[in-house]
């Protein structure tokens, strides 16, 4: 099982300046596994993700990616190993057109090995984007931007996709669609780490889930078990 | 002014504008894309001009090459210089406030000027155009037009076209533009932004130095030449719209015309005309003629 | 779930009215011939597909961007030509879909500065702003109401995403507006905060007119008195929550069985 | 007082465009002092230096630094006219002796003139006026002038016009461009279109190099003769190359003067500094000479200002440029030479005007 | 009052006390030098109100400075009699303020770098008017024949001028300190951080910015007036972009966002210049003093990201960082790698 781990992070600490945000978080993600990350606002979910990706400079702990030590790696090195990121707030490039946003993310080398998510397939998955290929990223509505960010992540042919609040600000139909896409990604055998405020949906779509509270893991286990647990509601404040 | 003179003045305007564009394009590249207000850009122009002067002898002696070998060698050196400078001075500026960059690049201007003085002295030097371009075309009965100035215009146009294509048509161009808006996300797509920026910066330096080298035969080589060109290039960049190559081209030509005809028709106000033009354009279009992107 | 819906009282007071509002971006018609009425004591939800033009509508109503056509009336006055600050001072408050806070100021100062807009008196240079008798208490009050009291002294930029969303609303309230235009206030909020926000909205409803743009349908159907559905810049349907939910077109285009 | 070292404050440009001029002036000055065994008027010389950066905005400060901080007895400087004017102001206010070794601003020995202010170089008016006579005598009738739009350029052109029009010539067009702009092409086109008999020009430094090269490149050289105040070809010939060949200019110095004093000066200078001297070195050298004459007359006591001035007013200064005297306003009354460029030298070909004195308009001495 | 007793307040008080006592210990050159630096400090403070206070980076501030200086000379009686301070000083401030009002009204339509450049453009216009027209005496400038007086206050005496300048500096400092904590100042700060939100909450930001710009220009005019009076000469270089750049460098060097920063920056910049130009220390190399200055500036950017006034905070962080065991170590390690 151990060699089947895509990500093996142990005892992660992170700081913003002098404030200590993560206090020894450990997280494992297996090949093709979907993991939900839950917790109330400000508990450190996004920080954990950004730390794993190498975006938080002040960090400590051990991060293994495909068995390789990435504890001190630069963000682009992490990304090149096949980790794609859909950040909260979307992060589309406002001065690039929809098409350019997608094309610049494509990595021909990775596509040759893993393939799967071509430009055409992204366009099929998000017909709304197909209508607007020539528009600039900055001119899209919030929901369109969210779709673009997911599409862009898929264009890198990832083995692990990290979605931070991927459904924020989307219409119910689109949310449903995004969950469908997440299911497709899952079915493709791509591992995912999902953060979303709709914890029921998260649990329904993941194999396992982890709950963060004040920078520490307070609960984790298989999704169905958690769904049934009483403790979960307390930690999520519902 | 008769019609023939008018036409020749137009040619002059065009050529001056193109030369300005050549210097300003590197500035707009670094400025719009990397978000660095690079006051030292004029210094790179000066470095280029001094290279055209200082390299001629050694290159002729060792390789037997002429002006064009100097251009190649100078460009290579400029790329190296840009690469090293980015690594040493600029790489930690991106996260900083813009004003810190102003301070740093201001410091660099002083250093460049003094190092130049230590290495080459404070004298004025001339550089000869290559023999094949040394001639002049007769225009009208009195005027001739130097072939070398046409060559400059040609270089400028070719470079403008090249940059435009790289920028809009290639993945590299997209990455560069993306980097200007969201560094973190570019990294998350597996792009080594540090390296990318180093390359862009080196290219910007090389363009400025190339402009200096190409301009050396017509401008001569003198202390402080960089600062003189810097401010006018900022004007070009700002009128054109930051980060827009197309805008820089148009603005440079506009300034070429205003400056040229201003000198002839309104000599007492010639100095201020360019700035009046800039103020008017920015009041009319507060983001320059072309918004980047 | 719609137990809190109040039938519009007789003699309704329309605080904000938009008529035939249209906005074009080049060839694209982002908002087309939309009319809305915001009545005191009601929550008017505007829902619709992404890119339907909801934010654009709010931008036009609040004066952030001018409409291509149409007129806006605030408290019975035609304000189409007014600037955004003038409308704000007349009692129009808005929140943004994207956080627009003052990251380097404390949470309290964020609120206080918003409250200060009510009584600016900038020429009183000798008075300490922190001791301002109007804006200080008002700021503490809104921070409390929005659940930010605990983090009141933290720089706003260090808040988590959800907390920033709360602050966004707090600042909007601090200006003591009569009309509230809220652009996805619940986005990014956790379950607990969502509850609190809905309770706050219910409380505010009595003496405000609220326009709520939101994608959280549970919340919308709980709180809204009227719902307008926009698709591609047009109004597809408008009516009580029950009517809208029953509308097959809306179901197909937006709700998808919600 | 009159026994210790005499403190000389050199306020010259050591950075920027004029840096090499500042160095030449200092070299010339030090050469003369060295020739006198390090003493002037029986007193040892101690130098204080300030880089004036050719920046008038800092000029008062820099001058004050020498006068107030270092307490110099004599100010020597500078190249830039605006800076020299500020120095003159300080000298006038503080009573410190000032010798200007280059800046030609007419006002220094015009409205600003004072008992304690001297110049070892020229006034902008002088070479211009001389060239006006030369060109009129050559039979040119209509002439275009071109210069930078700044005080020195204006003054030079005014001097030229005064003499040229007095002798029946006509200045048909006065072209100018903002200082220190060097984009001449448009104005050259104007010249070509107007086809004047000749062109008179005043430029210096980098602008001078570029103008001469552009003039040739535009095909005007050889068709419309180009004349100028001497600065256009001084210290710039190496860079101008063949494009300057044959050009006629007027100045108070030339490269091949047949004067023994000049020969010995040039030899000594070349030996000491491994450099060929230029007009700036001469002016620095003469500034030292003038100081020596004055100091000798007052026996080293600089408090005797009137006697110092009187001595210099009477003196004949044995300059490498040829002996000259000082006018009442303390500007050199000197021969202005006509020079021609050849083999990278400004060759002496005759005297344009003998013992030309600046009119010193506005001076109340 | 409590603010005065904070470390920052005490530091500022100590600075002013030192300046007040300085002439007792200094010679006439020192008095002159410090007078000049204090003038620059006033100039820097005026810019700090715009840059640090309002977030408007003005790259043409020298124009207002220069106008103040030219006004001092041009408004003085042509007869050569000393003018009245009571007339000249307000005149200079008014002239600069009016030009600032006009420039601000137009340039505040633009933002960011565009604003920087439009202010430069307007400064260049003023520069060329002084440079190319007889009004300002052309490149060589014009002279003040007699310095202004007010009763026994004769600015021709260096010590009087010193005292007057110090008083002006203190007045400007106190005034700007009051402004920055007032509602007006807070509104400016809000505009700096997020203008869109300011408008949405009901502030008409344009008049606020225009008021700040005009005020800043007027104070710069005051500084220019003092400079013109001190030197007795004004010339176009007072309006050149070099000076606009230099004053910007001063406030960045000192630390943007603090009034102390402008003060410290002006002193640091001027004293560094003096240091590197000193032949006594650097010998023949003093000729290349700009090299030293340039390297120092580069080093200060690299080492002092918050400017000189940020040094105590930086030292504190460093010490604290070391105290909090793992945190410090990790920060240092990754800091170097990232």
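Letters A, B, C, D and E mark the chains in the order given here, with residues in each chain numbered from 1 onward.
The definition used in the following text is that a contact is a pair of C-beta atoms (placed from the backbone, for glycine too) under 8 Å apart; a residue touches a chain by one contact, two chains touch by 3 or more.
Molecules present, by chain and UniProt name: A, C = ABC transporter ATP-binding protein; B, E = Branched-chain amino acid ABC transporter permease.
Worth saying up front: this structure is predicted, and the values here are computed from it rather than measured.
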{"item": "Selected interface, D-E versus B-D, where C-beta contact pairs are more numerous", "value": "B-D"}
{"item": "Chain of greatest Cα-centre distance to chain A", "value": "D"}
{"item": "Whole-Å separation of chain centres (CA-atom averages), chain B against chain C", "value": "49"}
{"item": "Separation of mean Cα positions, chain E and chain D [Å, integer]", "value": "37"}
{"item": "Distance from chain D to chain C - Cα centre to Cα centre, in angstrom", "value": "75"}
{"item": "Centre distance in Å when chain A and chain C are each reduced to the mean of their C-alpha atoms", "value": "30"}
{"item": "Residues within chain C bordering two or more other chains", "value": "none"}
{"item": "Sites on chain E at which at least two other chains make contact", "value": "128, 131-132, 288, 290"}
{"item": "For chain D, residues contacting two or more additional chains", "value": "15, 149, 178"}
{"item": "Of chain A, residues touching chain B in the complex", "value": "53-55, 74-76, 79-80, 84-85, 87, 91, 93-96, 100-101, 103-105, 107, 136, 138, 152, 156"}
{"item": "Chain B residues touching chain A - in the complex, by the definition given at the top", "value": "171, 174-175, 177-178, 180-182, 184-185, 187-194, 292-293"}
{"item": "Contact footprint of chain A on chain C as seen in their complex", "value": "25, 47-52, 55, 97-98, 158-163, 184, 187-193, 215, 217, 253-256, 258"}
{"item": "Complex contact set, residues of chain A against chain C", "value": "16, 19, 40-43, 46, 88-89, 128, 139-144, 146, 165, 168-176, 197, 199, 236-238"}
{"item": "Parts of chain E lying in touch with chain D, wherever the complex brings them together", "value": "27-30, 32-33, 36, 128, 131-132, 138-141, 143, 230-233, 235-238, 240, 242-243, 277, 279, 286-290"}
